[in-house]
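Quick heads-up: structures coming right below.
One chain, chain A, appears in both complexes that follow, with chain B as partner in the first and chain C in the second.
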Partner chain A sequence: MTVIPFDFRPGTLVESAGVSIRILMPKTRLSLRARTAAVPAISRALGVAVPEKIGQRASGEGANAETEILCLGPDEWVLLTDVEQVGTITAAMDAIYKEHPHSLVDVSDREITVEIFGDKATDLLTLGWPRNPLSVPIGEARRTVFDGASVVIWHDSETSWRLNGWRSFMPHLLGLLVTGCRELSAE
Partner chain B sequence: MLLITCPYCQETLPEAEFTYAGEAHIARPADPSSYSDEAWRDFLFVRSNVKGAHFERWRHFHGCGRFFNAVRDTVTDRFLTVYKAGEPKPDLAKLLEDAE
Partner chain C sequence: MSQYRVQGKGRVSHGKPVSFSFDGKTVTGLGGDTVASALLAQGTHLMGRSFKYHRPRGVVTAGSEEPNALIGTSRGPGRFEPNTRATMAEIWPGLTATSQNRWPSLEFDIGAVNDRMHKLFPAGFYYKTFMWPKSFWDKVYEPVIRSAAGLGVSPSVEDPDHYASRYLHTDVLIVGGGPAGLAAARSAAEAGAKVTLVDENTEAGGSLLSEPGVEINGQPAWSWLESELASLTALGVTVMTRTTAIGYYHQNMVGLCQRVTDHLAAPQDDQPRERLWRVRAEHVVLAQGALEKPLVFDGNDRPGIVLAGSALTYLNRYGVRVGNAAVVVTSHDSAWFTAFDLAAVGTTINAIVDTREAVREDLLAQAAALGIEVLTGHTVTGTSGRLRVNSIRVNPITGSTVGQGRDIACDCVLMSGGWTPTLHLFSHTKSKLAWDAEGKTFLPAETLEDCQIAGAGRGLWGIEAALVDGAEMGAKAASALGKAAASATYSVASDRTGTGEAQKELPTDKDLTSTRAFVDFQNDVTAKDLRLAVREGMRSIEHVKRYTTNGMATDQGKMSNINGLNIAADALGKPAPEVGLTTFRPPYTPTTFGALCGYHKGAHFDVTRKTPIDPWAEENGAVFEPVAQWRRARYFPNTGEDMDTAVMRECIATRASVGMFDASTLGKIEVVGPDAVEFMNRMYTNPWTKLAPGKCRYGLLLGEDGFIRDDGVIGRLSDDRFHVTTTTGGAARVMDMMEDYLQTEWPDLNVWLTSTTEQWATIALNGPNARKLLEPFVEGLDLSAEAFPHMSNAICTVAGFPARLFRVSFTGELGFEINVPARHGQALWEKLWDAGQQYDICAYGTETMHVLRAEKGYIIVGQDTDGTVTPHDAGISWAIGKKKPDFVGKRSLERPDIVAPGRKQLVGLLTQDGSKLEEGAQIVLDPNQPIPMKMVGHVTSSYESDAVGKPIAFAVIEGGFDKIGETVHIPMPDRTIAATITGTVFYDPAGDRLKM
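Our next item is the complex of A and B:
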């Protein structure tokens, strides 16, 4: 049995012919709650067109290129960004707070993100995901359930996905995924 | 496993993403202290427990997080409809007719 370390050091966790898993470098993760009416103002403040359809995501441009925003619910988004951008983002959001009250909370430490990539990456996800992975189009993401734990799964390309979950669930989730990698490479 | 359509996500998804939340359209009394013990007991505990079309709440827990309402046949587990929280109770006779 593979013991998954709790320190979640970024780097390769497992490599096999069909699929590999890599713990990604930490990113700043901001949880945003706001009313739909505030979306145009928030889009202007962030310099990113905030998506309103659940599961859709958008990225910034130029200096903002590292910023990604995903719509998780009718009034909920998650923003991924570089730590250097956080000051700019919170200042811009503070400026519209009076007219558009919202909640913007730094939850970076709460979750760990891994990249799952390779020809069999999609097969690996079926191990703990009770829906058809291909029902999430490339370029979208969903908050969903993976072997009992809430996760967000991002479909980045035909052969690459990201999965992020709360850190207390990660030893369980990663243990399952590592076992799955072995099973797939044994075929 | 049931397949449930979330009216917010507009997707039909496995039951594992949802949690059940009891009978729908039970409004908390505006003035509980005016209630008799019997009326309060009924509000807290007494449910219709129907055999057939049941108005019930679900929450898309591992998803958008929203509560919503559904009408499910407790005999066949067939969902007759789902609708967002706060929307009016649909007409049951019409639902049953449409389901035929």
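Our next item is the complex of A and C:
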């Protein structure tokens, strides 16, 4: 089993014929908690239509194009954005806090995200993911477990996925994924 | 070419010889052979020795149910596997196979002396014999029995292979690739279902591989099979061979074990040896077929006595005749066809012995045409031959009288007692079976799962019947998934159907105490043993099974259960269903531990969480310890230092100047919202309303029962935002508990919890020089004692990194905890380390942290508390907000037993002889009282202490607060230690050093 270095340097971790894994550049990641009633106001403040169905995602437009929001639970979302946008977003959310109380917490460093792509990317996920990958439509994501650890898995295209998990769990998870790449190559 | 190999016959590669070794001798088989078929092709039947009596045994089957031919296989160091079934082990050039359970050799085995003394080893022998003297059990009987018991030799070297596992989701999973399974696959796939078909054999086909003579829809069986498999693949069916469905679990979760490389001469490094599939199927079709039963007669276990259906497989699939001169013994039509096929390739059939009076005319006619003597209404009463059968004794039966016996010479016996539907997987799901009185067997009845059972598995016989039934069950499965399905039609020519009659042990003219009619070949259980068990009072089949071990071998009674049941039922004079059938349990066939472990071994055994600063600790020689899922640096030894020396040095350095500690594993929870302070008031014992932003407070968390659950320093960042810290091990538990209360008790509160444990790397600086070291790195904050006193917090930058800075201390020294985003943790650590060199900075680990906190009387939840300790017991009632209307656990603190005197209370202990106590040691008041002594408490923490000048300890002692100054005693194996009860604060009781 490969031991994964702990610095999570962005870039390719493993490349193989069927599937490759890349550690992504860190983005700002904000955990957003609020009651459903606040969703319209939050959507206006963020300039993104905040999805209300668990697993659904939405992206911003224009200057906000890099902003992505995913509904993780009935009162929980995760917001990905560029560092430059954080100030704007925080200010907009602060402005509605009194009327629409919520919690916005920076968890950018809590998690590491990798992209898994290639013809066998979906097969690779079956090594540790008890769910049926095809039950997650392209363009959605799920908070789920992979090899026993809590992760969020994003289905980006037929052959491309993102997986993010808490930092201290990632060497374990990446170790399995790298082993899996070699195993799939030997098929 | 050996005389037993039939040129051109079978599915083996006749032009491709493959050599391997068996017991050191080179054996040459053909590509496609198993070890068993290759040995049979050179005339070898003797492949093993039995478990109890060490009787010579030959192969009896051609499949995974084989009870006798268990061998060791090896491909080099660490790659040895005992108890491999020779009937399943495919040969490859270089394979090393060995027989087992024999010494010195398979042909001459000393252990066979057991067989001569078999009358000394009846059923229940161990229970009866080794009762006396009782003291002999541990030292003599058990070790001797253990060394004599067991099949094969356990591997002694670590297995270098790797093992894989995957999840698979499919609409329809079909277990068994015979006619029923293939037809089911077609129906389901044509209806649009995603179908996975698995078969434990090298190739799909099942009975078709042994029946090349039939024609399906006008095509010869094997060419139909080839085109059908291609067509199924084109329909999108996934066919997995060498894949055994080992267990059927709740809600259609089926475990599969796929053998990936065992058959390969040179596997690639990255190929796993085996892969465990966890399949979640919408619908399951079990098409596992039926297993042939042996007949139970005296001497039915000699090498050369083979199941007739298996002999047919050896002939038609492997091109091997199992002997030159055969006697067929049967109670089922199917064995007759084996006789006819063997006769056609030169094996002399000396007789067909059928226990039935009447047999089908066409069979009799064909036997007559081939010149085979037929003995209907006959029984078998014995066999002879030491390492191979050489004759069989048969007797006519008239009514209930067994007539005069007659010996017929032979070199093999082909037996068939009929067929038992394979219901193992079906039974795993607790599905119900129904007794079929006519067939004397169990058939599948009801199931709770979305499951169909098709073909011979539900008692049908014949290839056409299996195909038609399979097609129907496949269509049913697809319809159940809402897919419109039709079942294809099949017409089969030359289908060799038949029926039979189930038997208990065959009638004999011999004295029953002298016969050895085996029911369970692997565990050496005879019909006599089963009858003895019933005579000795066993009434349920479950008791009979355990008393005799019938069906308890690694084959799980695949061949013996039904025969055993019929014999026990006969002995009890009850119908079989009233005696019951033992439960089949997973796995279906023996499964390696490797496959079950999968990837979880070595470094990947379990998650080991590491902090962002862990690489520095590793580089600097830290010794680690596991704390919950984390590994933490325990101490940093210099060359030659043991733990005690290193910890003493770390403690001295920290108190003298400055020490640094990686506290990143502390749990962190951000509590945010307008009701944050109300939430904190309700969760924690402490009052929070008056805690100003920028200040910190020690927080104590109780359970509903009033006992201490967790603690930690909590900082108020703003009116609506708290930074809560928890113990390392308690982080997830505390978060869950809080979320639970929030969602179920107080859903009205506008407050939300976010775990930030891994957002922040936390570095603790402690010691009189901590401020001097930190100050130059901090921007936007006055660190002076006046501006930033003990228990303050602030947001600032440290070394240019955004930081949450806490002035707190778990050592009693001036202390800071710097939280920076995790990615900067190691960089900040290294900057502080470099700058700290001028102050002789010391990195310390958890052990030093424990000592320093104990010197100050700070408790560790989970070490000094054990889930039964209240705040008062721990001496920290001051942490309770007395004026608060409520908090979790408040009412429990009023319970009579909580306020009663004499509870165990946390106190300090100083030994009178200056020795260090052992953590966990029990405490008594009077060391001279009779044993068992009354224990009044135990030591919870104990350390050498430089600051105190002697060892210190904490203990919980009944009524301890009232016993300060008294002497207690700690009895140890070699002596009794006297200690004086003290308070828990040993160092700087006024707390001056905190305030610097």
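Heads up, the rule we're going with is that the second predicted complex is superposed on the first by the 186 of 187 C-alpha atoms of A that agree within 3 Å, B and C clash if a C-alpha of one lies under 4 Å from a C-alpha of the other, contacts with A are read in each partner's own complex, and residues count from 1 in each chain.
Definition applied: contacts are C-beta pairs under 8 Å (C-beta built on N, C-alpha and C of every residue); 3 or more make two chains touch, one makes a residue touch a chain.
Please read these numbers as outputs of a predicted model, since none were measured by experiment.
Legend: residue contacts after superposition of the two complexes on their common chain; A:Gly55 is shown touching chain B, with no touch to chain C.
Residue contacts after overlaying the shared chain place A:Thr12 against neither chain B nor chain C.
Once the two complexes are overlaid on the shared chain, A:Thr36 sits clear of chain B and of chain C alike. Using the contact criterion defined above for the overlaid structures, shared-chain residue A:Leu72 touches chain B, although it does not reach chain C.
In the superposed model, A:Thr126 makes contact with chain C only, not with chain B.
Once the two complexes are laid over each other on the shared chain, residue contacts for A:Ser103 go to chain C alone; chain B is not touched.
When the two complexes are overlaid on their common chain A, residue A:Ala186 makes contact with chain C while staying clear of chain B. When both complexes are overlaid on chain A, the residue A:Thr90 reaches neither chain B nor chain C.
The larger set of touched chain A residues comes from C, when the choice is between chain B and chain C. Common to the chain B and chain C interfaces on chain A are residues 130-131, 135. Chain B contributes residues 1, 8-11, 13-14, 16-17, 61-66 to its touches with chain A in the complex.
Residues 54-55, 72-74, 76, 130-131, 135, 142-145, 150 of chain A are the ones touching chain B in the complex. Listed in rising order, the residues of chain A touching chain C in the complex are 1, 3, 6-8, 26, 31, 33-35, 75, 101-111, 126-127, 129-132, 134-135, 147-149, 166-169, 171-172, 175-176, 179, 182-183, 185-186. By the touch rule above, chain C contacts chain A in their complex via residues 162, 164-169, 268-272, 278, 280, 599, 601-604, 607-612, 614-615, 630, 670, 672-674, 750-752, 754-760, 821-823.
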